[in-house]
């Protein structure tokens, strides 16, 4: 058992290197290696289902033990990391085929696997050094993944890495502060130190660590890197970033809120509002603001991936909001939403990626009418948006419902209202997404578009099935979550396979009933529909145009500025743009950074790869030998 | 068991009948307000049946045809979650919060279908519909929260039960009830919120390409829709009812007052409608919510 | 009020006919018409009521008239000019009177007069798919066209 | 037996159709001037289940309100072909019948039923609301007896109609 | 990036007042360009009139403008009278005034219904168009037709008023004045109405003059111009009336102007009935219409229609048929010079409302 945690951690790294080498042999060797190793990681991960394992020392650094650990909560995040990575890699095989330069591709797969490994490391970490080390590896490798997307993505990556560095420094300072007090960075020791130190110290530590996680989780106002990075990254990378990478921030928050700082501690050192410690209450408000503002911004987007990116900010807001409630139901809802968001957001990014793959554009106003050409992708996207909008019976609904109930129980009504607003707003932007891409008039230049190849469809199907299963049987996920939360001192919540009985919640939920009644009424309505005379299919040009004839030349498709009138309503809110202030800073940093960084970042991928490999090797060597050196 | 099945079949039928009767009455009352004689009372039935027996139907694709079907399926689903005169099939399977989302299923299905008609008028109509939905959802959510906090439950059956003996929410939370009434206008698309289908602007909006049996289905789903919105209002604020006649009378009273106002108001523009909902109804609902919180 | 009539009388190369106290005909050459219109507008004739054409087929000319009106003096001035029927080209007045733009579109379609400077002239306006000579010309026989293109109903009975 | 039921279904369908006639909101000519009075409070044609509807897909009756210009004819044909069966056409006034006062006009077609099948004509220029309502009543009778079969004729003689249309529209 | 899209308003669209097509290009919900497409009602009146006798043309001209046909008859009659030098009898002048003003009332009530309809208030549309119908009854009393009266003809009017007609008119006016209070309450004083119309489709004074606007558009922009005052015809010089003006030039001002004019017209009819000579000829002595030739010459006759200046430019070559008749409809300028410019930047929701507010009458444009 001991070995296997390390094996699990090592598999993607080894796989990454082998993939890179395999790429020199043949591209199929590389592809098969990449898929195999991510599959292997998933397989190894699944062994840890329902396992709790504390403290597996795998090295030491600065006299602090390096520990790997696992429990059901980490398993949940491992599941997200490994499964989405596998699907992304499978999707990449066809999606990245157009890339001519095989070096680019080799390093691409290697970086994918490295990011996966780094995230596994973060989740498995049992001490802050391991955590921080893999955190950094994740930041840098994902930066390289983002810049694969071309010229614009360089800027986006810059923004991302600069903000990541700021977050990392904050984190580093916090870790150094703890280390200076405790001389050990293992979680239980840290928790002990925090509980014994002065409240000011503890609050500072939490704030500093929190900044790092907030940057990664893209909670407003530290979100500005996300829209650019997630939209400019290559289409298979976006699901990894949006679905998984930002969850690491959420995981980090979970660790500091409930791992390093017990609930009592928080209550003791700071005042409470609505029985929530004030710091958590502020976090809740930031999360709620993220939900609302990012929803508004998503509504106004004209670019499919940017829209999804903003929606990610909004959805991660739910996760953080749930995590910060501090009640069992809320935290469980937050964790469950992290899983659900990973599933449906990856699904959406893959579906949009499939559209980009076939049409070459992600500009919503250039698309339209693709439902007849790409029906499978359409179904995938529709399932994704229904889940995202939180409409029963799909998975997004259940976790949102839990968060709402938790807020309602705590009478945090204003947060609840904001969460609700974000969710109704989601109807707007998800409909815009599906309408602009798949409905409306098919443009002439997309006459010959086909559905995507089977290798790209499989990941989408897997995610569609997962969306439905976790929606109808939320108990499957709750098994893991409730068990894991017990270890962090949460009271268990009553649940069953299909939902929640009335008791620990203010109302009851049984999704299977909703789903089955919906299905039955749908079938009844359909049969009733079929009783009447058949419909004849007409072309999209045989359309009402006030008596005039619709011709292909006519621009008869409403897509640009879909919610322009709504935009007029919310305009006053965005008079002061946070982003503009940030952009100014980033530009300044760029001017400064360009001079020095160009020396190091030559723009040559081979060089980058060698950097990564060297860094990883040195880190590994330092850690493995660390105990002996220091 | 037999009773369960009977209710399962009967509830949607009763809901449809009530909704349809309101459609009939509405046309007659509106005609009288407009100094006309008005159509025969069962005119909507003729209209729906005529549409259903059209010999020719057109479709722009599968999604286009699915739109009206999902609209009806979603409406039937919502019917089960609203306690109807003592019967409440599924209130134990989904509470008020779930109901808010369930009520959206039909509209979203309809929106998908209308989008597939490849007509900008339909697209504008849906854009307006969703925007309007966003507009009235804010006050609606606030009043739903205040009612839930008032009775410490989100289960609609319990809320109805708590209002027994004339202890209606209307008396305890009059401000919320007023906002609920205003929200119902938007939810039903009555004047001045008939922005979605405004014929002079977008040529009936989402329905622009629907004809024949598709349109008939949309009319049926509208009947359900009327029932759902008003039944929800009655359950939340007028204490539901223990028998169907009283339930109907309460619904009728609400509907009647609604028509009286709606025929003398011109139409809002969509952004003004959202601004309106986010201004007064929201403020009033928040006041009511704060009253509940303080109590 | 007489002041403005005197001013009109002083217009270069114009033949003035005072039909009524408030209706004045100003006949000018084709080359001078834009200048005359401009001077009249400066005098306060801001409104172009109608601009249209009379087909003087016997003289082989098109008579183009502009009915102007002044809010100030309450006077109608009708400016007339003539162009050859064989080569009907006029200059646009839409820089002076914006409403002339559409009138010119109409006369160019109905009479086949070319209007220089008006880019919309020549595009179909009222008629669609018109292949015959411009219909408002005197030599276009409407009855003949209509009996050639349409079938009249003669007696009772369906045509099937 | 089977034939009988089919017959019965048709009868019921026709009964429903005549009670709910939706006319398309298309004012092709000046006859449309008498439609608002017919629609509104004084004559109130909603009494008979007649209501104006907006798009071609929703409507049952196409009213050719008066003369039909060639340019309009093209749109009318588009609208007529977009309408769903069963659909009925009423020609308003003498202009739709034989060109009326525009007998010598180069722009106005002279016989509506050469281009689209008319089920009914209303005489007069312009027909009074009473005449319009009586025409609707007559149309209802025709529908009831199954004689309003213009849409079937259009399908049957499509070549004839298309030929005529092509001649005029070019 | 495809930013804009196109939308047809008309011909088969409730948002267009008549058979007309407006192709608008929109970006989001804002109009970026609007192009009118006329010709759907083109019947070649001007051509047809050249081929008919003066008296035959009487049957054609009312059909040029359907909502208010009488102005055509009056302008045509005035043009012919002007060419022939005929002075019409006093009583005919008053009758013409009454008929024209009654037609204006009919037009404005219909217009009010149209405006209310575009704003979604169908109740007022039902009321006002229903009330208009009683005015049509009055027409049918004097000439037998509801819409196309052919009552005003060269030399005066076709026949004398039916006995007791004045009283019916007066009772109708009383009725309508009472109803106007209801209209005001439901619509013009409605907060929502102000909300929808204030600041929409603004035509400023400078623009109105520059673009050649007439009628209510000009009055709403602050220019008191009215053919009835400036160049009085019929019996207007004997009547006492004011020209209402406002300064905003927006849709609300135009609605208010029309509302005042409606009341003005009712008052004018009352005055005219009071002042009208009770007896006397209603038609000047005219030559046999089939033989009588109109002298050679040209003239421009104009009347004030509900939309603005309505004119007939008539050229006679001395034969029994007019050589050329050119019709000036106010909507021609209002549509192509004003509406197309004013619509740019408007919201889609305001397009049909703007068209009705400018009172575009397609038959007048197409002719």
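Observations
Should a chain be cited, it is by its letter among A, B, C, D and E, assigned in written order, with residues numbered from 1 in that chain.
Methods note: a residue touches a chain if its C-beta (ideal position, glycine included) is under 8 Å from a C-beta of that chain, and two chains touch if they have at least 3 such contacts.
Everything numeric in this text was worked out from a predicted model, so none of it was measured.
Chains that touch both chain D and chain E: A, B, C. Relative to chain A, the chain whose mean Cα position lies farthest away is C. Across the two interfaces under comparison, B-D and A-E, the one joined by more C-beta contacts turns out to be B-D. Geometrically, the chain at the heart of the complex, using CA-atom means, is B. Note: centroid distance chain B to chain E, computed from Cα atoms, is 44 Å. Averaged C-alpha coordinates give centres for chain C and chain E that are 23 Å from one another. Computed from the mean C-alpha positions, the centre of chain C lies at a distance of 39 Å from the centre of chain D. Here the spacing of chain A and chain B, counted between their Cα centres, is 36 Å. Contact of a single residue of chain B with at least two other chains is seen at positions 34-36, 53-58, 120-121, 124, 199, 203, 208-209, 212, 269-270. In chain A, 542, 544-548, 556-559, 562, 565 are the positions where the chain touches two or more neighbouring chains simultaneously. Touching of two or more other chains is recorded for residues 25-26, 40-41, 54-57, 71, 75, 79, 104-108 of chain D. Looking at which chains touch one another, you get A-B, A-D, A-E, B-D, B-E, C-D, C-E, D-E.
For chain A in complex with chain B, the touching residues are 369, 371-372, 378, 382, 386, 389-392, 397, 401, 404-405, 408, 411, 413, 416-417, 420-421, 424-425, 427-428, 431, 434-435, 439-442, 499, 502, 506-511, 513-514, 517-518, 521-522, 524-526, 529, 532-538, 540, 542-546, 556-559, 562-563, 565-566, 568-569. In the complex of the two chains, the chain D residues touching chain C come out as 70-71, 74, 97-99, 103-111, 113-114, 153, 157, 160, 167-170.
Within the complex, the chain A residues that touch chain D are 542, 544, 547-549.
Across the complex, chain E is touched by residues 302, 363, 365-366, 545-548, 554-562, 564-565, 567 of chain A.
Interface of chain E with chain B (complex): residues 5, 7, 13-15, 29, 116-123, 126-127, 130, 186-187, 190, 192-193, 195-196, 347-353.
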